[in-house]
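Below are structures written as structure tokens.
Two complexes are shown next, each including chain A; its partner changes from chain B in the first to chain C in the second.
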Partner chain A sequence: MRGMLSLAVITFKEGIRNRSLFGIALLALFLFGLNITVAGFFMRDIGKVTVDINLSALNFAGLLLIFFVGINLMAKDIDRKTIHLVLSKPLSRSQYICGKYFGIQFFITASLMLLMVFSCLTVALLLQLYPNYFDGFSWGIFFVATFFIFVKLWLLSAVVIFFSSLTSSSLITLIFSLATYVAGVTIEEVVFYLKTELAAQERIISESLKSFIEVISWVVPNFAAFDFTMEAAHGLAINTDRLMVSFGYGVLYSAILLLLASLIFSRREFN
Partner chain B sequence: MRLGWSLPVLFVALVLYCLLLPEVWVSREQVRSEVQAGYIIPSQFSRILALGNKGILADFLFLKTATFIGGRGGAGQPLSEEDWHYVIRSLDVITDLDPYFSDPYTLAAGLLSWDAGKPEEANRLLKKGFHYRTFDWRLPFFIGFNYFYFLRDYETAADYIMTASQLPNSPAYLPTLGARLAYYGGKSKTALLFLQEMIADTDDALLRRRLELRLLALERAVIIEEALEHFKLRENRLPAPSELVELGYLPELPPDPYGGQWVLLPNGRVFSTSRFVVVDSNRDNAVEE
Partner chain C sequence: MLEICFSNISKAYDPGLFKKKVQAVSNLSFDVRQGEVFGLIGPNGAGKSTTIRMLLGLIRPDSGSILFRGRPLRETPIHRDIGYLPENPYLYDHLNLLELLTFCGRTSGLDAKAIFERGQGLMTKLNLLNAQKRPLRTFSKGMLQRAGICFALLHNPSIVVLDEPMSGLDPIGRKMVFDLVMELKGEGKTIFFCSHILNDVERLSDRIGLINRGRLVRLFEGTDFSRNDDKTVVLRISELDATQRHELQMMGGRLRQEGVELLLAVPEGSYYPINRYLEKQEIAVLGGRSEWVSLEEMFMGIVKEEAA
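Then we have the complex of A and B:
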């Protein structure tokens, strides 16, 4: 347990030292600044636009952190063969997987918490500038939506760990994780589109394709379950059951991925 | 390359860049003014392509649509039928991506009925909005206005105004307006109240300018309508517009700010040949303000 915690701390420190972090933070700050400029272009829904841009900037920064920094935190160990050094320590392979996962999770959480402070400052500033155009805005719902961005990124970190345990190249991990993310954010729309009357009229959609999509919808994580942007943007109340289901789904899916990654990684041979 | 050469070359390149850049913008402006209305990806696909960022895609598409309308207006070009179809399709996609987004409905209410002459389309969009924004009194108010002013369905208009009056934060005068609508029907004076509220509720400079011009035109129509009412009471006949001035009912006939001619209708209403769109004599057709 102690070894796992040490590995998590080392992974976290390694991530924080990465220079890409500054670039990503600057990009996010630029997006927050852009928000202040662009908000005035809209008629009434300045609050909605502010929340949209802030949550998208946080989400985008999180994705960049995972794909450009997070992936390297584990995949490079295997890529550069430094894994041999780590595994020679009194640390089981499952503990290695969990240590790396929690390290990446801490890193993503700490980095985004910092960006969230700037995000809140931007929202507060615009709230001061346009107090009449934040109809229904609620800090509570805004924080709920932000929390679920974290949950989504934690799940994506588990996806990265899973593919890192399978492959021996950080590039392949990146490609697989990116593909899973794209499939995960779009699968819900595809599934619901296939259920519409419009799709039923389009005879070109074969039964086999529908079955394939059905299988995919069971396999890839449905990232749309963690999207509460619309509710935050318009201050719409969120059902507690929905929050519990989404949170439970994220935790369970991440746990399954980590268990699978541990199983695969335990049987893996390194040359 | 030696450093001695690179600085003058960099300087020349920067000067050339500064000379060329304005040309690029001029050329782009020309291209944009000539370009046909674009294709908008149907919402079934844009929802997927948004990659989980439907809200921000809706914001971007709204800005693009508003810029398209503003660009045509800025260049003094009327929006063609095809352009309006593009605007309607865009507003449909935007409200599919985020049905709670109120700005597209405000734009639909302000432009589709007045400028495009498509109050049915405006009402379809507004009803879609009211399905989601059940708390927003403005949507039934706009629907009611379209039924009142454009579709001349005073009963339905009164129903919508009454619905709006029951929603939170609605103005105190709405129940009176609803009752007045049901009683008086299509008098221009009733339209004034609607327009004044729309202007108070609009922050967009382009939309506001258009609405203010219409308010001015309607105010003048109301002045003539009132004089016409007095004339009919005393003389028991319909006058020619010039008679109102000659017989002292009006100090002067106020000009239609859109450049049209006033026509007095037997039902006591005043109509303008401009139909409240700016008349461009050079092109012999109506140009939207």
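Then we have the complex of A and C:
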């Protein structure tokens, strides 16, 4: 446990001191600034656009953090053989996997918390400037939507750990993780479309393709389940059951991925 | 007592699809005794690093067994007893040495006080004290190597496994590491290391294993190789019986048969008694040799012979 926490701490430090972090933070701050500048152009939709841009900027910054910094925090250990040194200490391979995961999770959470402060300031400023155009806006729903961005990124971190445990190259991990993310975000809509009458008229969509996509939809994590942007932007109430199911789904899926990663990693050889 | 025993271990790597397996280690057997310095030498690709990685559990042998203090490796938690320095240690770029050592100490179960004391001591010995708060990415290759040695030794392991410890070090760095290894040996630690710098291996080791193409070609005992002592006189002498051999060795002489020649290396402190003994026993001195054949010459000879 002590070893795992120590590994999480150095993983966090290694991530938080990475210079790419400043670039990503600047990009997010630029998006918040842009939001303030252009908010006036959207007339009655200022509130919706503000919430939408802020949540999207947070989400985008989180993705960049994972794909540009997070992936390297584990994959580079294997790439550069730093893992030889780490595993020569009394640290089991499962502890290594969990330590790396929690380190990446701390890093993503801390970085996004900082950006969230700026995001809240942006929203608060626009709320002050255009109070009449924020009908139905609720800080509570805004924070729920933000929290689920965190949950989504934690799950994506588990995906990164899973692929890092399989491959020896950070580039391959990046490609697989990115593909999983894109599939995970869109698969729900694809499955939904396949069930419509319009899709039934399409001759090109065979039954076997439908079955294949159905299977994929069960295997690939459904990242759309964590998207509460629309509810936050329009001030719609969120069902508690949906919150619980989404959160439980994220935690369970992450746990399964980490378990699989531990199993694969414990059998792996490091030449 | 045997610390580590490699028994008929073999390992082949799969280089990829449609490619033939590469036999890295083949039926390798040797042991490392408690308190000794065991040097493993061999050309590039001979299987030295593979052997070390198998010992650390980073890779598994295809066949054979590795015993650690008489027990199979898989059943024994060895990592608390072993300190390992890999060849070219890649450390975390954005951490400083103090943080790296704290991580090392905490995973090894040391408390903060012990980490501080051991860390300061090692950093002082390896001249890294002034660089302890600098990010590791700013370290030179030699400094990284020394930082890796601190990482390996922080938890005071009883067995030290070093893969090319002198690699990338300048003469001052090499001297520091040399002195440190001698100090560790003095403390009774077992040291298992591999290196290409044969001069260092020769000076440090009690026994040396030469591996080539994954096989142990020869095991040199202490008397087989010189200690790089410039004041040693090497004589060609006539045949000896077993008693004479034993008595000459007891007086500090080292014997080696090279083809038809029997060589006797006489260290500086043994000139007089050995000379008296040779006279008394009427052992003919056939001539002198300017130097004892070095480990490097033996190494080259054996490797060329193997290649032929």
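As a convention for this text, the second predicted complex is superposed on the first by the 271 of 271 C-alpha atoms of A that agree within 3 Å, B and C clash if a C-alpha of one lies under 4 Å from a C-alpha of the other, contacts with A are read in each partner's own complex, and residues count from 1 in each chain.
One rule holds for everything that comes next: contacts are C-beta pairs under 8 Å (C-beta built on N, C-alpha and C of every residue); 3 or more make two chains touch, one makes a residue touch a chain.
All values reported here derive from a predicted model rather than from experimental measurement.
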Partners on chain A (chain B, chain C) - clash or fit: fit
Which of chain B and chain C A:L236 touches, first, second, both or neither: first
Chain B versus chain C as contact partner of A:I205, first or second or both or neither: neither
Chain B versus chain C as contact partner of A:L263, first or second or both or neither: neither
Contacts of A:K48 with chain B and chain C, given as first, second, both or neither: first
Angular separation of chain B and chain C about chain A, which is computed from CA centres of the superposed model and rounded to the nearest 10 °: 150
Which of chain B and chain C A:I172 touches, first, second, both or neither: neither
Per-residue contact with chain A, leading partner among chain C and chain B: B
Touching partner for A:V251 - first (chain B), second (chain C), both, neither: neither
Shortest CA-CA distance between chain B and chain C [superposed frame, angstrom]: 31
Residues of chain C touching chain A in the complex: 13, 50, 53, 56-60, 77, 79-80, 82-84, 86, 88-95, 99-100, 102-104, 106-109, 135, 148, 151-152, 155
Of chain B, residues touching chain A in the complex: 44, 47-48, 51-56, 58-59, 62-63, 66, 98, 100-103, 106-107, 201-204, 207
Touching residues (chain side chain A, partner chain B) in the complex: 38, 41-45, 48-49, 51-53, 55-56, 59, 182, 185-186, 189-190, 193, 196, 198, 223-224, 227, 229-230, 233-234, 236
Residue numbers on chain A that touch chain C, as the complex places them: 2-3, 5-7, 9-10, 13-14, 17-18, 80-82, 84-85, 87-91, 269-271
